[in-house]
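Provided herewith is a single structure, encoded as structure tokens, for subsequent inquiry.
By letter and in written order, the chains are A, B, C and D; residue numbering begins at 1 in each of them.
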Amino acid sequence: MLEVSNLACTRGERTLFRGVSFALEARGLLHVAGTNGSGKTSLLRILCGLGAADAGEVRWRGEPTRALREAYWREVVYLGHANALKDDLSATENLRIACTLAGRPTTAGAVRNALDSFGLAACAHLPVRALSQGQKRRSALARLALSGQAPMWILDEPFSALDVAAVSHLETLILAHVTGGGNVIFTTHQTAAIDASITQRFDLDAVAEKDPC
Amino acid sequence: MNWGSMIEFFAMGGKGLYVWGSYGVTFAVIAIEIAMLALRRRAAGHRA
Amino acid sequence: MPSANLQNESASFNWFKYASPQAFFPLAGAIAPWFAAFAAVLFVVGLYIGFFVAPTDAQQGESYRIIFIHVPAAWMSMVIYLAMAFWAGIGLAFNTRLSGMMASALAPTGAWFTFIALWTGALWGRPTWGTWWVWDARLTSELLLLFLYFGFMALQAAIDDPRRADKAGAVLALVGVINIPIIYFSVQWWNTLHQGSSVSLKSAPTMAATMFTGMMVMVFACWAYAIAAALWRVRCIILERELRTDWVRAYLGKQT
Amino acid sequence: MLSVMRNVIARDLTLAWRRRADVFVSVLFFVIVASLFPLGIGPEPKLLRVIGPGVVWVAALLASMLALSRLFADDYADGTLEQMLIGATPLSMIVIAKVFAHWIAANLPLVLIAPLLGLQFGLPADALAVLALALALGTPSLSLIGAIGAALTLGLRGGGVLLALLVLPLYAPVLILGSLAVEATATGMTAQPYLLLLAAMSLAALSLAPWAIAAALRISYE
């Protein structure tokens, strides 16, 4: 499904990583590990087509993602550190617009269920600025419940700021998506988040040579 | 040759201020630009 | 990262080798002094023709001699912006770093020439029309061109990452180059419709042969000077941006 | 594709509606700037009638530029712009929708208020109508060209002033033609050629600018 061949990335003067290569087959679950500043976020942004690599290539189903553009993006869900929510809109409105933008318009009912599954039923209609940090993160993650058809999920520290219930719910969602034939690439600093037996692990610090930061 | 003498040349038919003002600033600009280039070149050298 | 995939193995001269800053650096260093010397010689010849060979103008007397620097500077300000947009476009299309550097290297020289064109235009207007600043169509578009140069340089200065600065500058230069004819024609209408074409900086009325040759020599002098200045500046930019590479350290190690 | 654009327009308009105060701020700015000139130049009606078109146009230009920096800045800050870059719809389409919504929220109020300001300068009734029409035809290209500047200066320090430096020289043609249109009507001549040119420029901007805006946005994110 996804092949990455000797990817290199420099930010300003510093080479974050060089010679990063790996492949991810269907039902692949990849945990990108690495210390702070090792370039995890930059790698994920390059994979989803937001950032540009200095060298190397990312291929999706054999085609370079740079050429696929919208065809690739229709099949990707990316969640970065930012929650991508408008403070003046409610969680419901935000989720509906996010799904339309991603090319998967949904019904009001589906949106309500997605928010319920993340325990946001009560505050679904409040403007997002009234929510707590954890609630905001959960309403951002709620789009995953509606992204079943998108094969590739790229999640940057999805478990941060989540309570125990939300962590376990997210874990079940991810596992369900993977067993359903999708792929998930994620970064996390919580060790026990997902059982390691079925997770491929890619340690940025070990593999890629880089300039000392 | 258009000018009888040096003084006449600098007078420039009474319009010396404008003509030499133009050429003077032009060569000042060229000198400034070359000086800035040299400074920038030396600064780049020291920062290694 | 030179676009090596176009490298042919035959013995023919391979231009793409010079697409990499490391290969271009010594080349620029070699030819820049020649252009500078050529410019100096042409300046001397041009000024000699302009002052000692070209006759006095019937109407404007001696002040018309400012044309020998005003018109070349005005042309250069336009040509350099077009060259800047050309390199910017190449940089965007082929993602070659050197083209972006070339565009950034040209901008200051272009801005200086625009300033000279405005300054000499004002000094020429004073004896001819009695006012320092003439809202003439060409001078007004030169002024707007100067703002375009400042916009380009300010944008590049505001962005730290050199790659983003090059690309952002490239988009601005391309948008600017599309707008320059629009600006020129709208200023032309603005000038003729508001005051009629009474107050406009016509170039010297009947261009005597020697006047024309003098001006053309000065144009080539400005060309040579602009190329030399741009090549020197691009060398500085290459050194600043490639500071971490070992070839720059070796080069500077040898130098200092 | 169209449904996505409709959604983006609806989203931006609801956002603008929920922040109505910002719209009033730029309209008030427009009114204040236009009203300052008579204070500086004197109340003499004949003179005000001459400078009227130019003053109203410059004030409208500055007011529309004031609102520009917020076009992408909010979405850049909260990460929604990121999602638009990797959405299923081509970015230039989304950009057209966003600029259209911005035009309605920021520039349309200026077009509606301008005739009132024209009265301050003693412009005749037909000139006021042409003023509103010229602004309506000219402000789309202001928004589109301005959006290029806003996209280029995304996330940069000193963005507002830098945006003005980048964009104002490119506004000159619209300013010239817009003022000429109103002045022609005020002096009894036909303003038709200028209005047609303003419309042509807006259409040209509509066809070229979105590509440049999308490219500039992607550059800001690399």
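Criterion: contacts are C-beta pairs under 8 Å (C-beta built on N, C-alpha and C of every residue); 3 or more make two chains touch, one makes a residue touch a chain.
Computed from a predicted model, the values in this text were never measured in an experiment.
Give the label of the chain whose average Cα location is farthest from that of chain C.
So the farthest one, by centre of C-alpha atoms, is A.
Could you grab the centroid distance between chain A and chain D? Build each centroid from C-alpha atoms only and quote it in angstrom.
Here the centre of chain D sits 37 Å away from the centre of chain A.
Cα centroid separation between chain B and chain C, in whole Å?
So the centroids are 18 Å from each other.
Centroid from C-alpha atoms only, then distance chain A to chain B, rounded to Å. What do you get?
The computed centroid separation for chain A versus chain B comes out at 61 Å.
Taking each chain's centre as the mean position of its Cα atoms, how many Å separate chain A from chain C?
About 47 Å, centre to centre.
Could you check chain C for residues that touch two or more other chains and list them?
Residues 243 of chain C touch two or more partner chains.
Quick one: which residues in chain B touch 2 or more of the other chains?
None at all.
Give me the residues of chain D that touch two or more other chains.
222
What are all the chain pairs that meet the touch criterion?
Between chains, contact exists in these pairs: A-C, A-D, B-C, C-D.
Could you pull out which chain A residues touch chain D in their complex?
48-52, 70, 73-74, 76, 78, 80-89, 93, 97-98, 100-105
Where on chain B does chain C make contact in their complex?
Going by the criterion above, the answer is residues 1-3, 9, 12-15, 18-19, 21-23, 25-26, 29-30, 33-34, 36-37, 40-41, 44-48.
Please name which positions on chain C make contact with chain B in the complex.
47, 51-52, 55-56, 61-63, 65-66, 69-70, 73, 108-109, 112, 115-116, 119-120, 123-124, 126-127, 225, 229, 232-233, 235-236, 239-240, 243, 248-249, 252-253, 255-256
What residues of chain D sit close enough to touch chain A in their complex?
Within the complex, chain D touches chain A at residues 3-4, 7-8, 11, 14-15, 18-19, 74, 78-80, 82-90, 94, 221-222.
With touch defined as at the start, can you tell me which chain D residues reach chain C in the complex?
Contacts found on chain D: 145, 148, 152-153, 156-158, 162, 165-166, 168-170, 172-173, 176-177, 180, 201, 208, 212, 215-216, 219-220, 222.
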